[in-house]
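Two complexes are shown next, each including chain A; its partner changes from chain B in the first to chain C in the second.
Here is the complex of A and B:
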């Protein structure tokens, strides 16, 4: 099936089988190595992406679900100032996700900060409730996200 | 395995035309249920024809009148919560909150949750007792049915050929006691899962309206009208005699349930009802919404 969609700001035209999961399409066919599917059941969160700005797990979607839509992955965030805000926030609060789950945690944080720059702790913990990797203390992570929001507010305010 | 043919209509008319042509096509919107049922890292097993309807703007609308809230069948759960959090009945919003986690709620749709063929999921019980109605459309006609009428008594879909769920209408009615509880996970532990939804109106220590529904997360739903009649009109707190009468009435209704409902589920349902009846009092308790 032919697909046309936006991936990290670029228009992509590609072809895939209709039975292919989105995560496999993105990782195996388009080479996005930041996606680390491990459960294929929507439980671990390591394949999180932003679909039209909303956080979704790409293992639960068929590849054709991206037709005409816009996808942002870790690769699309890493070269932006948004990434700096998030990493600075994580660093300040000693939230250091492992390399396996870091991309997903960055994507989830980005989705939180796109909806509000002043998230509450409960809101952050709720957003991370669908992730599994126990590498990070979730309270540090929540504080890191809140701190990242502060960095971004400050940066946008200084403009 | 041969590839499925996928149609992605962008308007209701296009959907109606295509569905009329391929009435056996699988209608897919959020795809979360199918993904959770087909675990493992293999590709999806889809039928020959798939109608992917998540890009139809008419099915993505939410509107509100003085009397009801109307939700398109392809509206994601998270958007319903965002828009209706403070206006929709709490028993319903609590059921929505209980659906997995935010990433799934961003994908899953109300139509999918309600219309799942093999499972009566989170929203089925609350929408049943709220007297919500569902619009079923097909080429050339549409009709509104109550939620339980979506399925036959044996649990088979009651939709006619070429019909699909297009809107869900939830009436605004004030209930001063609302309660929702889900036990277990319908996809991983179907034999020990159930939902319990309850609505009660209490005025001057008298129950003026009482509705409860259990869904056993397979195909079985239990709404006991005799029990509802027995409890309505009684004073709160309920006397031991009434509670015991209600218990035996409910126990016999549980016995009539089909074999797919396990003894464990029946026992949990009975205990939940017992607890609910003993906890009922004037609407000040924090136990209720």
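Here is the complex of A and C:
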């Protein structure tokens, strides 16, 4: 099946079978190694991506779900100032996700901050309720996301 | 053939995971496992398999069909006998992964199954693979002469880890040398295992560590097994070979927390002191036990803890069963042992009519631990004071006690039931003794002419936080900038064997080796020309310091101490326990970054709550589900956790996670017992198990 979609701001034309999951398509065929699926049933959250700005778990979608749509992954965030906001917030609040789950945590944080720059703790925990990695202290993570929102507010305001 | 690192991996800016290693003509490998838990393979039918499938069995092994860990071993591939469900029988390899799936479906293995299973409860005497005993005084005589005995049994069930970072190995053969990439915490064991299995010299093998974290202990021995399997295929075909475990395989077959059954019997005097105490612990170690002696010794020491009992007998037994090998789970038996001990001793405090806080404090005064070692700096009294004060323990304990006594039954209650519990104890850092091995474990350090210090540690994936500690300490000892200290990265060709990264080795043992190297260099610095090179090995404990045969002396490199209070409430209708708060005080030696230490401790506490509250951790998000998506959905929150660290100005840093994880379950269960008036004696505890306790006749 031929697909045309936007991946991290670039138009991509690729081919995949109808039985391929989106995570496998992105990871194996397009080489996006930031996706770390460890459950393949939407429990670990390590394959989170933004599909038209909305956070989804790519292991739960077929590859062809991207047809005509726009995808943002960790690779599309790391070279932006948005990434700096998030990492600075995490660092300030001692939220240290391991290298395995960090990309997903960044993507989920980005999705939170795209909807509000002043999230509450409940909102943050709700957004992360579909992720699992005991490396993370969720208290600190929630504070880190809120702090990241502060950084981004300040940056956008100063502009 | 060239190894491709898939484009995109670089963006992670970190060590690569094993599933990122691939090459064009690589063989994919799959383990064909037994369907039955005990028996014998009678025939293997391999007709109608895809043409490109290659099959390997135990007979294809040129060297020894075994994986040896210190004095113990298990077969790499079954030699026909099946000891547990999921035991590897065959390896199948193909360039196309789809062929593997097809071949696995078409392979037919028949078994002779007229063998009885080796159960844990009940187990026969010949299932005991090892026993460790500690005895002081004459408990048998005391038990004969008394009429009032407190007797109880405690149980914990298997805890599986949640597979996260992938487990696997990639092996390629070039110019007669094997290069092995695997996610391991013990690269030199990988090398030794492959050499033995392939029947080649260790110099023919180079092991490179891929990113092993996060891990629960499954990256200590299991990577050696996977790497040896991949190397076997690579040796036979000459092709690069990759074996990746599926998440389900990793969860089921790599490592699990061993279940334990503990029987404790005690006698108290009128003042509430324990006169005699007998504990018998039985660990289910699965079909092939590993690190058994260490597991049993740690369990005995932490069970005896700091309580000074004149007549005591503690026995720990390893029971071989038909379950998959438990392997090495974080903590190695300590959390199970501390759970039983602390719940039992809280019960003794209750029988003494004393507040458990006071009762435990009274026992800390001698500053001795069960091995007789006198530890003048034992901080437990202060830690207990801290958590008792912060949690308002005395007031809450008395109030909940009175409410409970006035109440007729849990079911009749219309209000939530509350209880509070305390647990105290220690965990040890490093092995109890340098494990018997013909090889030295150590680290190297070199100070060059530019005053740059290079530290070489064979466990290449030491966490960044620990590397920062080494740099700071080396900088302080040598009077150089921490930026001038480099922790060398490399492989088994150019780094020393530093042993396995487990049991707090990096933070305590390796740190002490860094200190010793730097102190030597400091002394020699102006006597010898630069560069100065030094190697320091982990030493066997002197008999005067630690005598494992008699259980006397100081058993660990250092101790991590802790006191934890947990307050719970229980809805009498739903019987769903909720944690109202956790207060913890720890002394883990020198803490460089308190905020970071608190973060680790909090993580350990949440893990422990998950263990204590999950019926089975089938759903990896259990604890989060409970807290976030459960009854409290309108009030999303994690239970409040307060952690403080004793402020040590000097000394060695110690492990944090293990002590945080080990004390919480006992405090949780004790609190729940106070809330309900029912003696809970097992974890995990959830609404269903609580209901079953309430239905039991009192």
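In this section, the second predicted complex is superposed on the first by the 159 of 159 C-alpha atoms of A that agree within 3 Å, B and C clash if a C-alpha of one lies under 4 Å from a C-alpha of the other, contacts with A are read in each partner's own complex, and residues count from 1 in each chain.
Note that a residue touches a chain if its C-beta (ideal position, glycine included) is under 8 Å from a C-beta of that chain, and two chains touch if they have at least 3 such contacts.
If you're wondering where the values come from, they're calculated on a predicted model, not measured in any experiment.
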Going by the contact rule set out at the top, does A:117 touch chain B (first), chain C (second), both, or neither?
neither
First (chain B), second (chain C), both or neither: which does A:129 touch?
both
Quick check on the superposed pair: does A:99 touch chain B, chain C, both, or neither? Answer first, second, both or neither.
second
Which superposed partner A:87 touches (first chain B, second chain C, both, neither)
neither
Check whether A:46 is in contact with chain B, with chain C, with both or with neither, and answer first, second, both or neither.
second
Looking at A:107 after the superposition, I want to know if it touches chain B, chain C, both of them or none. Which is it: first, second, both, neither?
neither
In this superposed model, does chain C or chain B come into contact with more residues of chain A?
C
Going by the contact rule set out at the top, does A:17 touch chain B (first), chain C (second), both, or neither?
first
Name the contact category of A:56: first (chain B only), second (chain C only), both, or neither.
first
Interface residues of chain A shared between complexes with chain B and chain C:
40, 126, 129-130
Residue ranges of chain A touching chain B (in the complex, touch as defined):
1, 17-21, 24, 37, 40-42, 45, 48, 51, 54-57, 59-62, 64-65, 67-68, 126-127, 129-130
Which part of chain C faces chain A closely enough to touch in the complex?
6-9, 11-12, 14-17, 20, 162-166, 211, 213-214, 247, 595-596, 598-600, 602-603, 606-607, 610, 619-621, 624-625, 628-629, 636-638, 641
Residues of chain B that touch chain A when the two form their complex
1, 3-6, 8, 28, 31-32, 35-36, 39-41, 43-46, 50, 52, 54-55, 76, 78, 100-104, 106-107
Chain C touches which residues of chain A in the complex?
30-34, 36, 38-40, 43-44, 46, 74-75, 78, 94-96, 98-103, 121-122, 125-126, 129-130, 132-140
